[in-house]
Amino acid sequence: MDYKKAPIEPAPFNWQRIEHQDMKVKDWIVPQWRSEKKDWEVVLLGAPLSRSSISVSGASEFPNAFRQSWEKFSTYYIDEGIDIRELKVADIGNVKMHFTDILRSHQHIEDAMENVAGEYPNALKVTIGGDHSVTAATIRGLKKVMPEKKIGILQLDTHLDLRSTDEHGPTNGTPIRQLIEGRVIEGKHVYNIGLHGFYNAPSLIEAANDYEVHRIRLKELRQKGIEQTIQDVLSVLMEQVDFIYVTVDMDVLDIAYAPGVPASTPGGMRSDELFDILYEVGKCEGIGAIDFVCIDPTKDNLVQATVKTTTYAFLTFLASFYQHQVKKREAL
Amino acid sequence: MDYKKAPIEPAPFNWQRIEHQDMKVKDWIVPQWRSEKKDWEVVLLGAPLSRSSISVSGASEFPNAFRQSWEKFSTYYIDEGIDIRELKVADIGNVKMHFTDILRSHQHIEDAMENVAGEYPNALKVTIGGDHSVTAATIRGLKKVMPEKKIGILQLDTHLDLRSTDEHGPTNGTPIRQLIEGRVIEGKHVYNIGLHGFYNAPSLIEAANDYEVHRIRLKELRQKGIEQTIQDVLSVLMEQVDFIYVTVDMDVLDIAYAPGVPASTPGGMRSDELFDILYEVGKCEGIGAIDFVCIDPTKDNLVQATVKTTTYAFLTFLASFYQHQVKKREAL
Amino acid sequence: MDYKKAPIEPAPFNWQRIEHQDMKVKDWIVPQWRSEKKDWEVVLLGAPLSRSSISVSGASEFPNAFRQSWEKFSTYYIDEGIDIRELKVADIGNVKMHFTDILRSHQHIEDAMENVAGEYPNALKVTIGGDHSVTAATIRGLKKVMPEKKIGILQLDTHLDLRSTDEHGPTNGTPIRQLIEGRVIEGKHVYNIGLHGFYNAPSLIEAANDYEVHRIRLKELRQKGIEQTIQDVLSVLMEQVDFIYVTVDMDVLDIAYAPGVPASTPGGMRSDELFDILYEVGKCEGIGAIDFVCIDPTKDNLVQATVKTTTYAFLTFLASFYQHQVKKREAL
Amino acid sequence: MDYKKAPIEPAPFNWQRIEHQDMKVKDWIVPQWRSEKKDWEVVLLGAPLSRSSISVSGASEFPNAFRQSWEKFSTYYIDEGIDIRELKVADIGNVKMHFTDILRSHQHIEDAMENVAGEYPNALKVTIGGDHSVTAATIRGLKKVMPEKKIGILQLDTHLDLRSTDEHGPTNGTPIRQLIEGRVIEGKHVYNIGLHGFYNAPSLIEAANDYEVHRIRLKELRQKGIEQTIQDVLSVLMEQVDFIYVTVDMDVLDIAYAPGVPASTPGGMRSDELFDILYEVGKCEGIGAIDFVCIDPTKDNLVQATVKTTTYAFLTFLASFYQHQVKKREAL
Amino acid sequence: MDYKKAPIEPAPFNWQRIEHQDMKVKDWIVPQWRSEKKDWEVVLLGAPLSRSSISVSGASEFPNAFRQSWEKFSTYYIDEGIDIRELKVADIGNVKMHFTDILRSHQHIEDAMENVAGEYPNALKVTIGGDHSVTAATIRGLKKVMPEKKIGILQLDTHLDLRSTDEHGPTNGTPIRQLIEGRVIEGKHVYNIGLHGFYNAPSLIEAANDYEVHRIRLKELRQKGIEQTIQDVLSVLMEQVDFIYVTVDMDVLDIAYAPGVPASTPGGMRSDELFDILYEVGKCEGIGAIDFVCIDPTKDNLVQATVKTTTYAFLTFLASFYQHQVKKREAL
Amino acid sequence: MDYKKAPIEPAPFNWQRIEHQDMKVKDWIVPQWRSEKKDWEVVLLGAPLSRSSISVSGASEFPNAFRQSWEKFSTYYIDEGIDIRELKVADIGNVKMHFTDILRSHQHIEDAMENVAGEYPNALKVTIGGDHSVTAATIRGLKKVMPEKKIGILQLDTHLDLRSTDEHGPTNGTPIRQLIEGRVIEGKHVYNIGLHGFYNAPSLIEAANDYEVHRIRLKELRQKGIEQTIQDVLSVLMEQVDFIYVTVDMDVLDIAYAPGVPASTPGGMRSDELFDILYEVGKCEGIGAIDFVCIDPTKDNLVQATVKTTTYAFLTFLASFYQHQVKKREAL
């Protein structure tokens, strides 16, 4: 890799594409350094930063734990009877982090995404956190390569992430506010789904009101139904913006489903609801990027339930994306 | 604290009311010793007793674990868009336990509740166990200050808790029977919701029949619906008794949702069902007291899922109580 | 025990039938060596083999962990208001395993089941694994005592278990294929319920197509409903075969409900769905045998949630079996 | 078993004496109910009481965990090249506990020991706790059958266990004081070995001074050497008393060696030192009884290090006892 | 607290001085805000920073876990027969940390120590980390109030902590180098004790040579003996510097003794060796400050062995300090 | 890799030699497939087999866990002030295992070692288990390439591993007996160091006597001293055999030092003793091969203490080997 500014290092695994009938995900997703190809449909970037987390977090260990779980997953998706191996996915590696200068680490992520987006403008960008502060950096990076385009956000989250950076800087509680205040996005182009319970302080509600951030509480989602809700949100967004970024804070899940997300809470979403949402989201042509953040594999249980759940969510989204977009394009 | 008989000690935390926009629960619930106020709407009492548990239990550690979790919760309830900080809640502290005389410990709890109820007759009383044997003691204490009043019980539980005390004394399997046999309550004023599976022996069923304890099995609850069931039960109880006591044995939850309740079982309630029940219950004016029992934080998982789930249940109930009762009263 | 060929050893517990009103399951299920009876309605056999598991597994420890959990369960089933203590259940013990000759261990299981089925032809046979490779052995054993009878399989599983034995022999990924290729069963008499996600490679789908194995994906089950689906499957099977074998790979459960099943996955069944299925299945007269496999108690959480969930599933099935079959027969 | 007063129940395992060359401890120690023999040289009694523990304890689960570990130990002691299988050891079972009347549980233990000592006056008595409060009960039981005899105590412990029972009754902090104040023993006949650090309050030192309890701190033991210290203590005791009782509170071990003893501390004994002490103690003819207390298997690590360490200590003592006493007697 | 610049917050516990015969450490060490006193002999400051750690660390949680363990320790030290309750110790609280500006957090620690040292010039300063980067900050803070004085360091550590800050800034691998390069101390006034094995890269050895940092490897310490080694080091230091700072990186311990220190290693010191060293160190009049760093209570085992070991080390040092210095001074 | 018969696969990590001053072990040990070199001084082979273990074991996961720990170790050995990076070490990868044919897996290991030894006759061979049954296979493989040479064994172990294969085949309890009975080695050329306690049945002692296997119990080792004992053993062996194989069953360690070795026991060796032994052993020119077996990383504690301890042992041996042999040879 020879990027202008952002240091990136390859994943520490010896994965490579191995062609055989029963491919595992690890045999499918190609480390970028092992290939000369350029026409990737999906590019994957690890952002192993969690020093910026308000409470202690080992989410920096997630990108590699995520990759390691690929041994356990097949490329065949039995729910839809499709094999996603034809989707061309490259694993760019992990952005290098600075150990004590958190803002520089954010800058590295921003630069890395700028480079990646510059190099693969048509590929879907997937970022693997790290904590939620990485989302602000990746979106700034994307904005740099398409300054004229409007970016909208679909946020699956228990929290609004609208804290001010005044007191504590760009923590994992602030990404949406950073982006709005930095005029990278507009508040009215943010749809937060999954809010519930006692986890958002009044100042955040006020900020959401001020910025016109849309909030669809978990109970509203359940009342209206996943399919309808997601279609409504995305069809509105599609009209208003040029590029939709999906950010999945895994703390949106109920704590029974996400023991490895320190900020996960009782009262949250079931994992099957999350999968249904992402399957629905994957149908939308406007989605240009997605991230998964805040999973701390050092807290997960013995069977790594939360790591695997994130991989399942990621693959469900890709399966839908492949089925509804790539195959359709190919059909043309 | 200078109670007549019952020794109480303050919680070991340095919490205090801190006024700022984004209050945590720990900044809201006031340790009684830090305040001169008397007009509390809710008073909280820890009953750290689990020597009386049939199987090994560390539920004695729960009251403080519960308080410690307050750091993680806001006073703002996004589901209803209300902030419960105006609700006046005092934390009385923990009843002091005797190390080897379990009956004296029960007596301490009874005395403490008598004192608290005497001092704050109009406040909602919340007891944090401890194992389920504490419920018999708290209700006896309440009865002492209102001997003429009829007390009814809404019990959320996997078990009937109707064991005889003949062989093993007042264990956590006996509270309802103790109260009926002690003529503190009548069996027909008890509604047990949540029964399922293979956890209640025939002798308990017989006792329930003899005492006319009402049983609404989990599957019946699901068939009829939470709202309807709770409204039906409470409207009947409201006609028959003067004071409704809600006892929440957290083993009513499915073991996937309550790894920190040693007696929790497969086949139990989901936590969202429990929250919905408590929200519905909170609307009822007749509720005078509630307890949460049988959570053993020493068995909980790394993210303290069960402790947090109990706090969420407690806050959901308070939010409903505040919204439907306190604010209504204030509105008058 | 003096079987012809298969070495069996009694369970290491001092359980025995103890008659009293409030029987625990451990006081009910009789170790065979403690009784002279022959008219058992249910016989139970442990198959503690997991060396044959593809990934590391301690499922060999499950049969005894399962028995140990019997202390926690009553014989009274409150959902239906019945006591199953009259059902005559004998615990035969555990098949002895060879430490390094896995095929000989499979042969032991096959022989043991042949002996048991020969001795108790009318009893329901329950096998407690071990990993899923034991299913091939038990069904071969059954087939030996009824060579003329057609056996059908209802398989609850996340996987098809149709791997070829060519490369790695009779692992836990192969039992259904072993049986079809060995002409013990026909592929079209196999109904797999529970498939979902990214866990079955294309070669397995192909094999399923070739062998005409029926697949009802979890999402289809949910669409159609449990009662309807099971009734439809079983009524078809009842017409086509003489004997229905139910095999429950506990990895069919979602990983949130089965932390102690290393192969359990996100996106799986909830435990209440499994219980409902087994209750429905228990109504069917054609069921002659059932097994529960792939639970690794060394990975389970502190409260042994997965072990208990399996016991609950087993008891739910027996309760239905007793209610709909044994009592009916007795009524005649 | 048909004891006058004390209820005892057999261990829940199906152990029995199995004669073969390579005996495990579980094949050697005979459950009393399986044998008609009376000439036992060692009798073993479980005292599963830990409700009396000051802090939360699951030591009540230890007697059975201890027995379960017997599968892992051979009867052959390679350090001395001896096989202890000829030692005649009977496992009496566990004293039945009352669930809420701790004093009655103590009485049960006392009665059980009285019965056992009455029935097997010449056998070495081994008690498996439970917490340290059981020691007071067992010694009172012993005293009843030999009221005229003086009993001395060798106590291996991090604590003096001289708390007053005034405030909290007979907890695990009080056994030595109970016995002195009850005039069952004299303080000057107690030797405590293992004291260190910051775990004994001044009032206990004062009590030790008043009662003339001897204290050999761990650092003194190390300076003088184990062999010399033990020989000195035991030769003095042998002159002063008729019967020596050894009580091993496993919290005497350093916390690195005893993760499963909640009260174990940094700065304690290494396990090899404990084994050497017990080997030395086993040589002394005056030893009439021994106990092992305060091990909580629910806190132990995954490999049950502390349970196994206690079994090793128990076997080391028995090996020395057999080698130096039984074989010597037999040689006469 | 009203310091000029450094924000400090009190510990979250409700501790206070409670006078009774059997004082616990929590009843002894006084939260500064609860007292008007100024003549403290020891002041304690928490520095909950671990974002600066090279690998993931929850050492930020240690100061409060350390305080919580005070419930388990008495003020009486039985090894020497002294009670340290007369030693006047104040707990200042925890320095407030910034969530994303690590350098500002370091500045807060530096400022806080400057304030504390300015206010209590004669008190022994104890810092509770946090990771090892806090040592550089506290020593800079001390230097500010005594710019003319020479500070020497006794470092107990598996690592040299001489990494350059060029690449990654002031991580926990750099404190000694920071101080030397910042001319706060001289390399030749640093004595590192405890080095062993494969944990220090050649560049660090080179730096140690260049800066003339003294290294006493663990095997050398064992050969020469603890008493002799410490006396030699301290007597040399006493001649060369005006103020000795002791920094205890708990990773100096063998990993068997420090499961809660992520950087602890095999081949390290036993905890009893550490206690002996600190007892010896406590005799030296020149010691002006000490810290304990790198303990991560979120990784510790169930009995919190590592947290307790650190408390034991701290108390052993204080006991010696009290016995050899304070009492001596008082005797004058 | 293109070996005649034995399938080998490279390690799943992306390690490679990276030249810089501060090399980690992962940057030093070269995956064979990344290099054309042939003059390796040390070759490393993973043997991930533990289906052959008598009790449940995840030792098959160790070779990769071992490699993963290389990130935590430097090539510089501070005890001796040497850097071992000049030692030429190749990581061959892991022998491929069959899932159900254990004997075939043993054959694969044997063949792989035959190939490796044929290709690198002068290199030190290091095998990473797997369970102890792999030792028989590797030694048979070595014997094939040097049929005329006598092989002696230095065995560090709590067990004799002399079980007969009659009943259960080549389990991890049999390797030494397999080799003697297969006339690959002679019993009198085996020295077992580390025996203690109650873990070897009389039949094994008898076998050891019959085969003249030498036994140096742990207590004898401690009496005579490590240096003297090892020198005596090796000098005798050097006279009698042509090739010394060192086999390190990590269960030789005390259970406090090896929580991740299921068969580790109380009463075992401290890890510093093991390191001293291996350092001494590394001086001996006759050592041609070494293995480390029976570590189960799935049982290890959170900080992977046992995995790291094995890596430390391996590096200590290599450091001594390099210092005393390779450098000496180079000096010639």
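Before moving on, here are some points about what is shown:
Chains: A, B, C, D, E and F, in written order; residue numbering restarts at 1 for each.
Definition applied: a contact is a pair of C-beta atoms (placed from the backbone, for glycine too) under 8 Å apart; a residue touches a chain by one contact, two chains touch by 3 or more.
To keep track of the chains, here are their UniProt names: A, B, C, D, E, F = Agmatinase family protein.
Predicted model, so just to flag it, every value in this text is computed and none were measured.
To find the repeat of C-F among A-B, B-D or E-F, check which pair has over half of the same contact pairs by residue number; it is B-D.
The two copies, chain A and chain B, are related by a rotation of 120°, based on C-alpha atoms and rounded to the nearest 5. For chain C, the chain whose average C-alpha position is most distant is E.
Homomeric contact chain B/chain D is classed as same-residue, with over half of its interface positions used by both copies. As a whole-number value, the distance joining the C-alpha centres of chain B and chain E reads 44 Å. Each chain gets a centre from the mean of its Cα atoms; for chain B and chain F, those two points are 59 Å apart.
With centres defined as mean CA coordinates, chain F is found 40 Å away from chain D.
Among all residues of chain D, those that touch two or more other chains are 256, 301.
Interfaces, counted as pairs of touching chains, are A-B, A-C, A-E, A-F, B-C, B-D, B-E, C-D, C-F, D-E, D-F, E-F.
The touching residues of chain E, when paired with chain F in their complex, are 195-205, 215, 217, 219, 254-256, 259-262, 264-267, 299, 301. For chain B in complex with chain D, the residues that touch the partner chain are 50-52, 54, 56, 58, 60-61, 98-103, 133, 168-171, 298. The part of chain C that touches chain B in the complex is made up of residues 21-23, 25, 73-79, 81, 83, 256-257, 271-272, 275, 301-303, 305, 308-309, 312-313, 315-316. Chain B meets chain E in the complex at residues 10-15, 31.
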